[in-house]
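Next up: the structures, one after another.
What follows is subunit A paired twice: with subunit B in the first complex and subunit C in the second.
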Partner chain A sequence: MTLIITALAIWLATGALCLAFSKRPRLVQAIGPAGAVLGSLPALFAAGCALFCGSTGALQLPWSLPGANFVIGMDAISAFFTLPIVSICALAAIYGREYLRPYEGRKALGVSWCMFNLLSASMLLVVLARNGVLFLLAWEAMSLSSFFLVMFEGEKPEVRRAGWTYLVATHIGAAFLLVLFVLLGRPTGSLDFDGFGQIAGTPALASLAFVLAVVGFGTKAGFMPLHVWLPEAHPAAPSHVSAVMSGVMIKTGIYGLLRTLLWLGPPPLWWGYLLVGIGVVSGVLGILFALAQHDLKRLLAYCSVENVGVIAIGLGIGLIGLGSHHPLPAALGLAGALLHVVNHAIFKSLLFMGAGSVLHATGSRELDQLGGLLKSMPSTGATFMAGAAAISGLPPFNGFVSEFLIYFAAFGLLGAAGIPVVLAALAAIVSLALIGGLAAACFTKAFGTIFLGEARSSQAEHAHEAGPGMRAPQILLAALCLAIGVTAPFAIGVLKPVVKQLAGATDLGDWTGAAALPLAVVACAGVGLLALFCLLIALRAMLPARRMTTAAGTWDCGYIAPTPRMQYTASSFSDPLTRFFGPLLGIRRKFAGPRGFFPDRASHSTETPDMSRERIYKPAFIAIERAMAKFQWIQHGRLNLYILYIVLTLLALLTWKLGRP
Partner chain B sequence: MNAWTDIMLVVLILTTFWLLGSSRLASCIRICAIQGVATGLLGVVGGGLSIRVAAISLAVIVLKGLAFPWLLSRALRESNTSHEVQPFVGYVASLLVGVVILGLSFWADSCLPALSHVASRLVAPVAFALLIAGLFLIVARKTAVNQVLGYLVMENGIYTFGFGVVREIPALVELGVLMDVFVAVFVMGIAIYRINRTFDHIDSDQLTLLKG
Partner chain C sequence: MSVWNFSYAALGLLLAPLLPGIVNRTKAVFAGRHGQPLLQTYYDLAKLLRKGAVYSRTTSWVFRLAPAGGLACVIAALLLVPAGDYAAPLAFPGDLILLAYLLGLMRFMTVCAALDTGSSFEGMGASREVQFSALTEPALILGLAALAYATGSFSLSGIFGGVTRPDWLQVGPALVLVAAALLIVFLAENSRIPVDDPNTHLELTMIHEVMILDYSGPDLAFILYGASLKLWLLGALLANIFLPLSGRSGPLQIACLVAGIFVVAVVTGVIESVMARLSLLKVPQLLVGAAAMSVLGFVLMLRYAL
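This part shows the complex of A and B:
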């Protein structure tokens, strides 16, 4: 626990220093990232100790706030979420130092780094807090610091809009959490987590708490109808911040949901159905919307929605397994979801960093402005491809392992008694397959448009590779993707204590043993695939060695005067799929085709506005605004009358109090 | 000694009515100063003069009798606006409201359980009257200076009640209240200056323009 306090102290102190020296950008650029990395080391060590050696602990400090206790504790779940949080924060800080260099002297970097370190500290506190008030304070600090990070380029109207969307969404979620904690604390009258378990005694209240947690934490995690802030905030934030927010911050929502499940006792089956349903909707619609985007970071943000959906499917299958007394699918589903939390943290931050490098080099996030970058940015391209393969769930990378575990769990449930259980498992399997296919299409589109072919704009033509500070974290993350994928049979051992804690009293048996063999086969196949890949590369290098080679334009196709604009665009690549799913997406097309024998102008553009934003939130907020407008005469701006309200209220109260017999 | 307390309380009421009926800002400030001094003297004439009571009374007299009027006059002088009160509610109407307030205060006092060891029967009603009249002044006058004066009258009411009913208010609390008022007046003085600088007037009702 001393280590945790040290980490928090380093982060807060360096954050304050950054603020103090905000007039000297070079100094801030040294202090901020150094503090972020230094602070993460003790926290990483503490979490590693807790997870691998089982050394848990708790700490209570005196704090004079009503209902609040400064209690933090480290158990398996906290340690498991601490690992990705601190490592991704450290890597993103290293990356961010170089990423922010062009802004030196032009932007308030002191504030930015202060908020970054504050975000790291508050995320750590969120997963360690053992008191409701402390948790909510940390949660709020996390939301606010990330809001300020999103607003880094607040002079742009679209960034401001994104920031406000995020702030409103996150506070609607926090309101549900407030109710949740009041509900949980009611039986004992204390907001310490220790007493929250008592709610399990009344199933109706437990179910209410579960729904509140799904809405409140789901807003942060990005479950489908609640995800509106993700596609706005992630593109607006600087890339290293997007990496942290999308990679680990949204996972605090998953953490909160898991922590709540610990208190609520044995789950009824419908919780599992609900989570599978949410997961299927988020997963399929998330990846479909990703497919329809042509802003790279927006695409990645929608893809986060999809991955959170996959995590929800895993959790749902796990809960169904627990509820229907199938220990093996339960353990595998939970393990798959947990592993996917870490995996997504790794490859999503990798991809956001890749997107940041592309943005850094070309100044554009528009897929149709890029192209051919693999030649000028080989390292970024290679790591981006690793991340893309991992996120599409392809072996030998880590994404495959976690999705495989969830598949495995769902297939285990197919033999179960009860039609609903089988149907849920079937829905999980079918949608996972659909998600995997669509994700592969989506990232083929993204990678192909950005890195292959010819440059579609002059900026893309003159792109340069990112510096070592930006490349190193990406290489490390790509290596991690591969490492987890190849060592999967051993890696799931780490999950054992976490899954055990989540399962509660249920005896899960030797699930790691059951999963080890298929995973070993998968890992062997992965290694084989890797070997084949290396062989092909070697062959490719050797074959033309003794022959004459000529260089021609990519996709030259024998045209006399080919131009890069003749290439497939991102939208044209995904058009067959988006047309097929058109009714779900609501794509707006503007098409003015060529006319006559000598056509001059033609244009085609598509736009995919977010469906739940357009259909749910916009009408709802307009309705609320209309209803509230009726009360606007009270809000007239006359100071005297405001005070008159107070005076009249006071007088009425006084008269009422005195007039009573 | 009781007689002197009563006299001071009557002075407080009379100054309040005077304030309700005055039209010049400068004289309003002066009346408020008189009322402040009377409030301060309330402690001195109440009997049982200890060093603590004397110190607080002195602080009250200096602050409310000298410092605040000086601050407000300066703010008034530097903002070259109309020196009229500019009421929402006319002077005669204000006086009538004052009478109603006084009646209400006596009624409220009669409803309260009788206070023991109170210096005078008049303390509670006068204190109530000052409180409500202060609030009324804040509501019914346009200029920011007048609202500060209303605030001061209200504070005088609180002070009177406290001093009359509970002789043994801890000094720290009383000083805290004084400090509070001092800061408030100070801030308001600066705010008035700023409002004037920005808008060329200190009419608080025109702050509606700031509404989004």
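This part shows the complex of A and C:
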């Protein structure tokens, strides 16, 4: 616990120093990232100790706030979430130092780095807090610091709009959490986490708490349709911040949900069905919306919604397994979801960093303006490709392992008694398969249009590779993607204490034993695949005709003068799929074809506004506004009347209080 | 684990290039032609391996490495396919997921290589490929899930060792539905009529062929061989469903299953002779139909197999 306090102290101190020296950008650029990395080391060590050696602990410091206690504790779940949070923050800081260099002297980097370190500290505090007030304060600090980070380029109107959406969404979520904690604290009258378990005694209240947690934490995690802020905020933020927000900050929502589940006792089946349902909707619609985007960072943001959906499917299958007394699928579902939390943190931050490097090099996030960057940015391109394969769930990368575990769990439930359980498992299987195919389509589109083919614009043509500070974190993350993929059986060992804690009193049996064989073969198959690949390359190189290669233009089917602009674009690539799923997406097409005998200009553009924003929130907020407008007569702007209202209210409260025995 | 466990994969590596020959010979017989020799693919492979390669200046290492990568995937997948009672060399619970995703990885590389050429024709093919495969994958996994449900096993070896004659008597209709779905998956994954036409030379209408338009020499040989292996792989799944040989002697099972794959090739030839390619807008309907058949098969099994 001393380590944790050290980490928090380093982050807060360097954050304060950044603010103090904000007039000297070079100094800030040294202190901020150094502090972020230095602070993450002790926290990483503490989490590693807790997870691998089982050394848990708790710490209470004096704090004079009513109802609050500064209690932090480290257990398996906290340690498990601490690992990705601190590692991704450190890597993003290394990346961010170079990413922000062009802004030196033009932007308030002191504030930015201060908020970055504050964000790291508050995320760590969120997963370690053991008191409701402390948790909510850390939660709010996390939301606000990330809000300021999103507003880095606040002079742009779209960034301001994105920041505003984020602020509103996150506070609506926080409102649900407030109610949740009041509900949880009611039986004991204390907001310490120790007493929250009592709510399990009343199933109706536990269910209410579950729904509140799903809405409150789901807003942060990005469950559809609560995800509206993600596709706005992630593109607006600087890329290293997007990497942290999308990679780990949204996972604090998953953490909160898991932590709440610990208190609520044995889950009834419908919780599992609800989570599977949310997961299926978020997963399929998330990846479809991602497919329809042509802004790279927006695409990645929607893809986060998809991955959170996959996590929800895994959790749902786990809960159904617990509720229907199938310990093996329960353990595997939970393990798959947890592993996907880490995996997504790795490949999503990798991809956001890749997007940042592309933006840095070309100044554009528009897929249709890019192309051919693999030649000028070989390292970024190769790591982006690894990330794209990993996020599509392809072997031998890590995404496959976690999706495999969830599939495995769902197949295990197929043999269960009870038609609803079987149908839920079937829904999970179908949607995972569909998500897999669509994700592959989405990421071949992203990788293909950005890095392959010919440059579609002059910026893309004159792109340059990012510096070593930006490349190194990406290479490390790509290596991690592969490493987790080929050491899958080991990953299960790390998950074991976490899954045990989540299962509570349920005895899961020897689930790691059951999962060890398949994962070992998956890992071996991954290694074997790489070996086979190298063997084939070697064979190819040994062929007698290896040197007889000729360079020529791409086969143009007889057309004499092809230009890069005639290449297939991202929009045309995904058009068949987005058309097929058109009714779900609501794509707006603007088409002005050539007209008349002497046609001069034509244009075509598509835009995919967020469905839930357009169809749910807009009408809902308009309706609320209309309803509220009916009370406008109370407001006339006269101060004396307002004072009268206050006096009347006080009087009413007084009589109510006196009237009670 | 005996020699028979490996024999099927080994035979696949040897005999797979025969399958396109059988398909083409069937089509020739239907059209009243002599047709190319049965061993034509072997000749093609031998010739291509001796030739040099032409690479487009637009391409990068992605284009050069993709054929070897795709071939590695399909060979690895071949090691997951059982033969009757004989478990596959790499059999494990959950191998059907690995199989589907290895094919996915192969596709990922082919599509990337196609986009690497910067040609709009190849982009078009790639776009269609990802569209159709996104719909084929659920049909494949659902079909296998239905079989997994019926046999209570989560491994291809367990599933196909578990499909027995009594199963055909009991849940025959459900098995027929699943087999039909898998047949459509087989045709779609192997770029056959009615989804794709391997013979056409109109770039605008092709899918798989147009994606590999820029390959030549040994790379094309790798791709052709990989495509034959994929034909063998998915054909073997179909043969395994239709031939419940459990309990027979090893050589008989293997011989019957190899004959079964040849029959699948003949059936493919017949389908290609009597049908035209569907219009591209209709293909998704066929694929969703396949998924629906899998679901229906599953529901039937849910009702009767209990």
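As a working rule, the second predicted complex is superposed on the first by the 591 of 661 C-alpha atoms of A that agree within 3 Å, B and C clash if a C-alpha of one lies under 4 Å from a C-alpha of the other, contacts with A are read in each partner's own complex, and residues count from 1 in each chain.
Basically, contacts are C-beta pairs under 8 Å (C-beta built on N, C-alpha and C of every residue); 3 or more make two chains touch, one makes a residue touch a chain.
None of these values were measured; they are calculated from a predicted model.
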| item | value |
| --- | --- |
| Partner with the higher number of touched subunit A residues, subunit C or subunit B | C |
| First (subunit B), second (subunit C), both or neither touched by A:453 | second |
| Which superposed partner A:640 touches (first subunit B, second subunit C, both, neither) | first |
| Contacts of A:553 with subunit B and subunit C, given as first, second, both or neither | second |
| Subunit B versus subunit C as contact partner of A:507, first or second or both or neither | neither |
| Touched partner set for A:543, first subunit B, second subunit C, both or neither | second |
| Shared subunit A contacts, counted only where both subunit B and subunit C touch the same residue | none |
| Contacting residues of subunit C [partner subunit A, same complex] | 49-62, 65, 67-69, 71-73, 75-76, 90, 92-95, 97-98, 100-102, 104-105, 107-108, 111-112, 115-124, 126-128, 130-131, 133-138, 140-142, 145, 148-149, 152, 154, 203, 213-214, 217-219, 222, 280, 284, 291, 295, 298, 302 |
| Subunit A-touching residues of subunit B, taken from the complex the two chains share | 88, 104, 107-108, 111-112, 132, 135-136, 138-142, 147, 204-205, 207-211 |
| Complex contact set, residues of subunit A against subunit B | 635-641, 643-644, 646-647, 650-651, 654, 658-659 |
| Interfacial residue positions of subunit A with respect to subunit C in the complex | 371-372, 374-375, 385, 389, 392-395, 400, 404, 407-408, 411-412, 414-415, 419, 422, 426, 429-430, 432-434, 436-438, 440-441, 444-445, 447-449, 452-454, 517-518, 521-522, 524-525, 528-529, 532-533, 535-537, 540, 543-557, 562, 564, 566-568, 572-577, 580 |
